[in-house]
């Protein structure tokens, strides 16, 4: 074995024989205190997955604008009507079909009802439908898709064929049938929308779970003795949460739109309650005489759609950075 | 005049958390016909330094070099397009994962014949003949039949042979192999290393072998660069590095691997701690935090490269005359 | 180190076959014999090294012992109790005794959990400790593997490979196991870090009297770690013995080739050493060669090798070899 430093004493005198080289004071060559050195340091600031995603989301101006718009609309829908002197059902024949003014910001309809207040009420209904329907679909989709994907085999086969059958029937058809059967209430719209919308979520969750269940951390969870349900809900679902949230975010606008569409057809919310769909529907006869009656609710729908879709896009980029170019 | 000469190369990556200084001012050369090993752990900058020279870095990378010369040509002056032409004709590359470097939708034949046609401007038939010859050189049995097959029909070792065939198809002057055997089993690794050894002797190609495996270095290379924390801490011939190492990191590398001849349970001597974070690299020597001989100066000023022989250089404060005695007892 | 000769784990004629679907129609199935009839035993406090190349079934052996895969046939005895047929609930007490360290420190830790949650997970599953005591135990474990308490609130991606592997070790040790399956625990790590982890495993073995099944492709690390070694090729054990006997008296041509293929990190010896060249690749385990599976790459192959599968035979010193050459 060879000595590291003094074998043949072959250290060639360094070229760097400048003053600096020799002027370094002796005490600089004392050994460092070993205990003072921190060998296991993790320097970077700790950031959880969600904090990290938020920091990416924040940098997306369109998504942030969308978020602000949705927050403003939601707040307005909750608190706006409280501060208004009108209510959504107060009819005032004397004030019918008034153009927008300081008194009535969005004008009044043919019964003299304040369209601004009715639009805010419409927002309540529409947003409620959007978020509640998305929430119900989230729960059903995650559980159904999770079980189907994790257990696989025959269970998966049967569960997925059932989904295929549901998917094969045009949803509008049985939504309309259901609405006629259950009556035109908020609850029945929610039930109708919840029956079919979860299919996409379930399929997405299933494919996520199938990829993740072969990851080594799933195996590690099995090795420590975790039960199947614990593995599914403690490890697999939380790790699929990114794509799940993205899918659900896109469900909100499509649920709002479906409701508006149903109301527009006249099988949605019943008078005197108003959703954006019914407001647009009500405004059709006076489209050429009082266009503002349709304009404001239509703008409300459009802005909300845009905002939610921007949020969805932003979330997708933030939660799944691989998809970003 | 060396085949490849690099002066003061720096590569930085911009990421969310800041600037990663992956390569921090390295200088080295590759002689004609030699094989140079670059050894270091992941994140030491060994792959990035070669990719920088080849201009194969992602968009978020920035690189600077005082001087990069290949075969008499100044690589600082040429753009990415010209570089692409040079890759595959004058410089061949072999990567760690042969599966992801082959296109699964094209036959092996298409992937070998095409580059030959493009770079050598010969007919399809002539290129096909040449491809068969090359497959024979890399010892792939029944090459005529193999040309019509797809990558998934090849085993890992065979795919790596195909990659080598593609890399040498235009008689490159320099072959860069980035961990070419890491993904392979030992018996297959031995086959590939032997093949590369034979090729080097037959074709007079220079090889740059990037690896973390000192065994591969000892078997394949003439000279070695030891990289740590984006810098070259020691360089020398393999005998200088294995038998007269001067840098504590090189000592650590050699001592931390067991040899088959070692009796059972002779305690391994690990290098404690983890490699430095190159977003905020240490001010002094990058190895200070893990070095058992670290001195006060090591934390403050990065050590200079000290020439020990014509081929042997090392950057460590222990070689300063005033540091004599700190690590005298060390033997490898 | 003195190891008592008490058998902790014994595997008898263990087989694990996977059914592979061929083509579109499930009717024509082929069988992948990942593990095909292997038997060995591990004494308490010792390390059994299992070596072989990728696809030889060594990882499957470890996973089948832990019943992460259902064994196709054969027996797994833990302290003389057969565990191969146990259901999830009945298996739980054994899961506490047998733990595993995984190969890939990047994939084996749940990226959404903090280090503290990861280490506490087995304690929750086995309802061990509660509240503050559980937290204390987690703190004790993180320090046991050389990391710090304030690392507990961080996420796995903030750690280096070696640090992550230590977190994996802390998780495995949480339930105070007796037996650890180390499935290539260092092959994904840098050389300078490998020795850290190996030394830690050795220290823990000494401290807690642990028994290891050390699965690896690295012959030199296996020699360093193990008391007994088994060499696998295509689902079968071809050679099996005490470590020193095996490395000084290699009998099977495959073991010899495997050792000689290992690049020696010493230029002088690398120059002198004569390599045994193995031709070709490992055959597919779906359709292995008849007789001795190694005969297609063996330069000593004889007529009998293609006709008859050689059985493990004791050639003295409890050195078992499965080769027709050793029978003569």
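List of remarks:
Residue numbering begins at 1 within each chain, and the chains themselves are lettered A, B and C in the order written.
Everything below uses one rule, namely that a residue touches a chain if its C-beta (ideal position, glycine included) is under 8 Å from a C-beta of that chain, and two chains touch if they have at least 3 such contacts.
On a predicted model such as this, the values are computed, not experimentally measured, just so you know.
Common neighbours of chain B and chain C under the contact definition above: A. Distance from chain B peaks, on a Cα-centroid basis, for A.
Top contact pair of chains, counted by C-beta pairs, is B-C.
Mean C-alpha position of chain B lies 31 Å from that of chain C.
As a whole-number value, the distance joining the C-alpha centres of chain A and chain B reads 46 Å.
Multi-chain contact residues of chain A (touching two or more other chains): 40, 44. Across the assembly, chain C contributes 163 as residues in contact with two or more other chains.
In chain B, the positions touching at least two other chains are 243, 272, 274.
Touching chain C in their complex are the following residues of chain B: 41-42, 155-158, 185-191, 193-194, 212-219, 238-239, 242-243, 252-254, 256-260, 262-272, 274-275. The touching residues of chain A, when paired with chain B in their complex, are 1-7, 10-12, 14-16, 21-22, 24, 26-32, 34, 37-41, 43-44, 55-56. Against chain B, the residues of chain C that register as touching in their complex are 1, 53-54, 160-163, 190-196, 198-199, 202, 217, 219-221, 223-224, 226-227, 243-244, 247, 257-268, 270, 275, 277-278, 281-282.
Only residues 63, 66, 68, 88, 91-92, 95-96, 99-100, 102-104, 107-112, 114, 121-122, 125-126, 146-148, 151, 153-155, 158-159, 163, 168, 171, 174-175 of chain C touch chain A when the two sit together in their complex. Those residues of chain B that touch chain A in the shared complex are 16-17, 243-246, 251, 272-274, 277, 279-280, 288-290, 292-300, 304, 306-309, 317-323, 326-328, 330-332.
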